[in-house]
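In what comes next, chain A is part of two complexes: it sits with chain B in the first one and with chain C in the second one.
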Partner chain A sequence: MTLTRHPLTRRTLVGLALAAPLATALAGTALAADPIRIGYQLPLTGNTAQYGQDFKTAAEIALARFNASGRLPVKVEIVFEDSRSDAKEGVTIARKFVDDPAIVGVLGDFTSGVSMASAQVYKEAGMPQLSQSASHPDYAKISEWQFRNITTQAGEGPYNAAWMLKKGIRKVALVGEQTDWGQTSVKYFADAFEAGGGKVVLTEYFNRGLPDFRALLTKIQRAKPDAVYTAFFYEDAANFIKQMKQLGINIPIYSTSAAHNQKVIELAGADAEGLSLTTNFMPSSPKPEVKDFVAEWVKVRGAEPGQFPAQAFDAVNIMLDAIVKSYPNVTRAKVRDALAATKDFPGVTGTTTFGPDREPVKQLMKVRIVNGVFTPIGE
Partner chain B sequence: MSDFARKGWIGKILVLLLVFGLVPAALAFAGKGYFFQVANLVLIFALLAASLHLVTGAAGLLHLGHAAFYGIGAYVAALMGTDLKLGFIWGLPAAGLVAAAFAFVVALPTMRLVSIYFAVATLAIGQMINTVLLNWVAVTKGPNGVMLFSGINLFGFALKAPLAVYFVVAVLVSLSIFVLHRLSHSYYGNALRSLREDDQCADAMGVNTVRLKIEVFTISAFFAGVAGALWAYTTGYVSPNDFGFSTSILILAMIVVGGLGSLPGAIIGAVVLILLPELLRGLGDLRNVMVGLVMFFSILFMPKGLFGEVSALSLVRRGFGLKWGAAPSNREVGWQ
Partner chain C sequence: MIDPYYLQQLAIGLSQGVIYALMAIGFTLIFGVLNVVNFAHGEVYTLGAFVGLLFITAFAPPFLVVLFVVLAAGAAMGVGLERIAFKPFRRFSDEASLKSRAMRESTLMSSLAVSIVAREGLEFAFGSQMQTLPFDYLINKPIELGPVTIVTGDVIIFAVAAIMLGGLQYMLTRTRAGLAIRAVSANPLGAKYVGIDTDRTIITTFALGSMMGAGAGILVGLYYGAIFPAMGFVPGIKAFVAMVMGGLSSIPGAVVCALLLGLSEGLATTFISSNWADMVAYGFLIVTLIFFPQGLFGAGRERV
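Moving on, here comes the complex of A and B:
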């Protein structure tokens, strides 16, 4: 027997390998109607990846439920792009989203900085952008294309100030992280608190991720406030609270919805007891939409969702709702108008209405950690 | 080989054709803002890498705070554009000059430090400048960052089209790199290399090492500042996060991957490290792991870089013709 060359040469193999995906791609486009796409820019890697990963899970839950519901005859897809909370990546992604004619709206980014750098691109190109977490006071002012689904501190600060004044607190120390968000949180609170007759005895900022708060805490001790009002996220919150208890400072701590995260209780343990804050999302709420979302989330993640995933979940649903309203000829301009017209949207973070300034109007709740659980309180 | 070919004209013409012909033609043909953005980013980082090349590659001073000077440039351009209403024409040179002035001041005490001490000092300077950008709220607007709406306005012409912006960036980056090329491939560049090889020996030969270090640090910061102004004007928003330690390390990685001591290497490194993460977007979360692996293996297998100093210098020697070509010994020079 002579050795004959097998007809399937290497070259044909390579050719086949290249042709196969192409063929499937062609077949795919021929079969289904073109899907409508939403872009989602978020940090999936890097220092803030935990938030981006949460948003992604929330978006996937929302999208799967939407596509299963059959509210639209075509499928909606979400294109996730990793911005690493880096402005240069964010702007590049923004350009990429704008280039894709199938993308009619964009969600994200996580930080205000990246959201605002990208917003310059969206403003120029006319692309609706809805961030679940950008809280910079100027974000929504950039253009008529920017929306957000996070109550700004302009609402939360005065609400907290009124709450603390009502509790008889007259002297307060303010602590905020050195970010655009921390600064505005402190400012809005301080303005309302002082207008209501209270006194700010100390204002201090710290850089995010500070391991040792003791110097700052000693200053607080010296200023002898009735309570501390804090603008930080859960990592810093846990550290701050633990070290405060270690130094034996026993005054009430009030905070914003940003600290509303199960991890505070996990990380700070018993020390977290008594932390008071406002929120617009309670996983334990008996409302059916909240129960559904929490059940789905627990199935995927094994723990209860915090405030941010809930905001992302609602943001995705608000965007999908706007797409439904602009169907069948979905354009970016129509989606923008539909977003602007969002009124009493029933979400897991309460009903949402966009004001004329494209800021969400939401209901706030008062919560305190009692026996290791975030418990709604009526004060 | 004809004189024309020998002097490296072919290479130069090819590069110019690529930057001013092929790339813009391809960009205009594709008509995608995304590609324009990536192209501008590549050019800006090519300038950053080329300017760091002068300090770290040629003069051998490990500089870990380059992004801070890039940041100063970006902030100067952005703040002049918004608070003082002085546009691109003023903002660009001012960005370079202010960054250079800062570098000069910090160089005075630090340039007497050597090796690792210098590296730590620049690390500290970089962090200090970044912290000032973050915390000096009254001037820099702190973490809020600065929004710059004006866009590039050249002598009364507002340049809006992405192609026009690309050309402005490309012309400025090419001019800057040309200056850096003449600096690093000249007797001045040789003096810098003598610092790197043995600064005591250079001192003994009459080279004023401290002055030379201060000069090169200042020049490098000038071009980093120019790059910062280009970033501010092409993006429209600057915030302190973009100029932190990780950006310094990214620029350093560019010149190491490209080839320490090699100017073309620095540019190639910038192209690779900006394009690679973009090309790998399809990989999702694995993207950064892949970029890391590529860097790791490129250092492992090509420690002299993608385009090492030896090849770069012999290329340039050919280009300069007789004066360098007839060096007394035919020994090759560069990071060995």
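Moving on, here comes the complex of A and C:
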């Protein structure tokens, strides 16, 4: 009987307490125009978190700038989801993004492996996907929904092979990380290098994160190559270079854009001197868009950005540009078409045009570490 | 005359082996000798390296001071780890609980949980990238010995590992504290009945083992110039393999097997490819478990 005398039971109270913020939230969204959302899947924890965190910072810089510019009357939001560089996680996130009707395009993932696993979901659902760093040759071939903002190793390998052949290097040792990316990088380079008359004296793969390269380095030394061509990321690069100098081996090292990071110099110090690689982003470039981005980045992080954050910054801007072009009534299909039509987009990593195969056409630069700085060279 | 190439590879393998041994000593003391399942040793190693790194960047002290600070921090971590992950499982002192395997082995999960929290916490605070170290502190200056090149760190790590091994053996076999540790590991209930303060003995062993783990962390961190939150994982596995091969409870056995592991990994790079070198360790583990379940040196020894 007590219940009838007190109509406000505990259950109703709890119900009310739960409903109140929900109601205000609903009213809030109804008043402002619905924001347009972009999904971003990237590793924010785990072994590759440093890359994902860089992408996130770059994306936040790009987004804040876009929303402040007033190019669209509605706000654009980015939903970040942590894939931990795990293909299973990536697929789960992809399903989640596909189910959110407000999401019109997806950025990421970091590795080719996870990007390609998620791509299957986006292919089925018809969601445009733009990765800032997936450089496996098969990624963009998955369907018409996949784009990338990085030159593939199919372009970089032969470019580096031609560079080294021109420098008079005839015998080369190849070292790559034991991943899809590492193997294709080595393969594209080796094919072009041998076609150009060079000889591969040794090919070795290592498990990413290997702390000790000395056994491998001694094996390379015994093969007596003119140079080593390496497909690794900056942390492995720093270890490799340091241990090479420790053992007193003096063989020139060439590498891909994946090793282009200020951290190589920080971690390896004077040992990094002479490392040669290709890249499409130079933080010291006098171009105004690069200067702006570098200044913003330094404000947040305190050091200059490497190539990967720059790739992410451009990827976000390309996606935003595609959304502007398809506004109003932005749909996934319209964003895809707008992405495909991207032409001469002025980014910090050079101008980007998507070819009919949804691959970017970009300019590569040759750089070498001279006096502790990545220095452009004209060889 | 042996090809200098093989001499160099042997030297590299040996130096790898000594690094594994350094980790394996503390690990075997807690896991094998005290007979407590502890999966947080790798994180003690990582935390030791980070404490050293913070201390170096803040005060730039001499090398030996860094080492002693890290050892002290390691002992403190050992006590803390024991308090958080192990003590709660000893709160019942009735006979059934003390004899219960389940109570003892549930620390597998609790120590794993502590290790995950510690690693993710470090990633959260420092990021998962490798930390930048002042180059003066690195112990990797080359030393030429004829055709073979080693580095200063090889000598330091060898000396530290030898001192640890010798000191521990002395302590375990010649002192009362060592006797207490052996008693607790052989039979915790019996040890309690004869009046040994088992709690204190366990805490001491944790402090000692973790001290060695943390010391190994900073030494190896400075050796490679690579300090990052996930750095403890691989050495942890290698130490585990060495311990199992050595027969779980023997510290000298674990050290010998660690050296064997390092050498075979070094040689594996020459004869097969370097990405298969890790397989050697796991191959050894499987072979040991199938053919030598008591370890390579047989059973019937006392726990030391």
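Criterion: the second predicted complex is superposed on the first by the 356 of 379 C-alpha atoms of A that agree within 3 Å, B and C clash if a C-alpha of one lies under 4 Å from a C-alpha of the other, contacts with A are read in each partner's own complex, and residues count from 1 in each chain.
Simple rule for what comes next: a residue touches a chain if its C-beta (ideal position, glycine included) is under 8 Å from a C-beta of that chain, and two chains touch if they have at least 3 such contacts.
Please read all numbers here as calculations on a predicted model, not as lab measurements.
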item	value
First, second, both or neither for A:Gln120, with chain B first and chain C second	first
Chain B versus chain C as contact partner of A:Gln178, first or second or both or neither	both
Partner chain(s) touched by A:Leu202 [first = chain B, second = chain C, both, neither]	neither
Partner chain(s) touched by A:Thr45 [first = chain B, second = chain C, both, neither]	both
Which of chain B and chain C A:Pro211 touches, first, second, both or neither	second
Touched partner set for A:His136, first chain B, second chain C, both or neither	first
Chain B versus chain C as contact partner of A:Ala154, first or second or both or neither	neither
Touching partner for A:Leu364 - first (chain B), second (chain C), both, neither	neither
Which superposed partner A:Leu72 touches (first chain B, second chain C, both, neither)	neither
Overlapping contact positions on chain A, where the chain C interface meets the chain B interface	45-46, 178, 205, 207
Complex interface listing, chain C residues touching chain A	5, 8-9, 12-13, 16, 120, 123, 127-130, 132-133, 135, 140, 142, 144, 149, 151, 224-226, 228, 230-231, 234, 265-266, 269-270, 273-275, 277-278
Residues of chain B defined as touching chain A within the complex	32-34, 36-38, 41, 131, 134-135, 137, 142-145, 147, 231, 235-239, 241-242, 277-278, 281, 284-285, 287-288
Parts of chain A lying in touch with chain C, wherever the complex brings them together	45-50, 53, 178, 204-207, 209-212, 214-216, 218-219, 222, 235, 238-239, 242, 246-248, 263, 266-267, 269-270
Sites on chain A touched by chain B in the complex	44-46, 80-82, 84-89, 91-92, 95-96, 98-99, 111, 113, 116-117, 119-121, 125, 136, 138, 142, 178-183, 205, 207
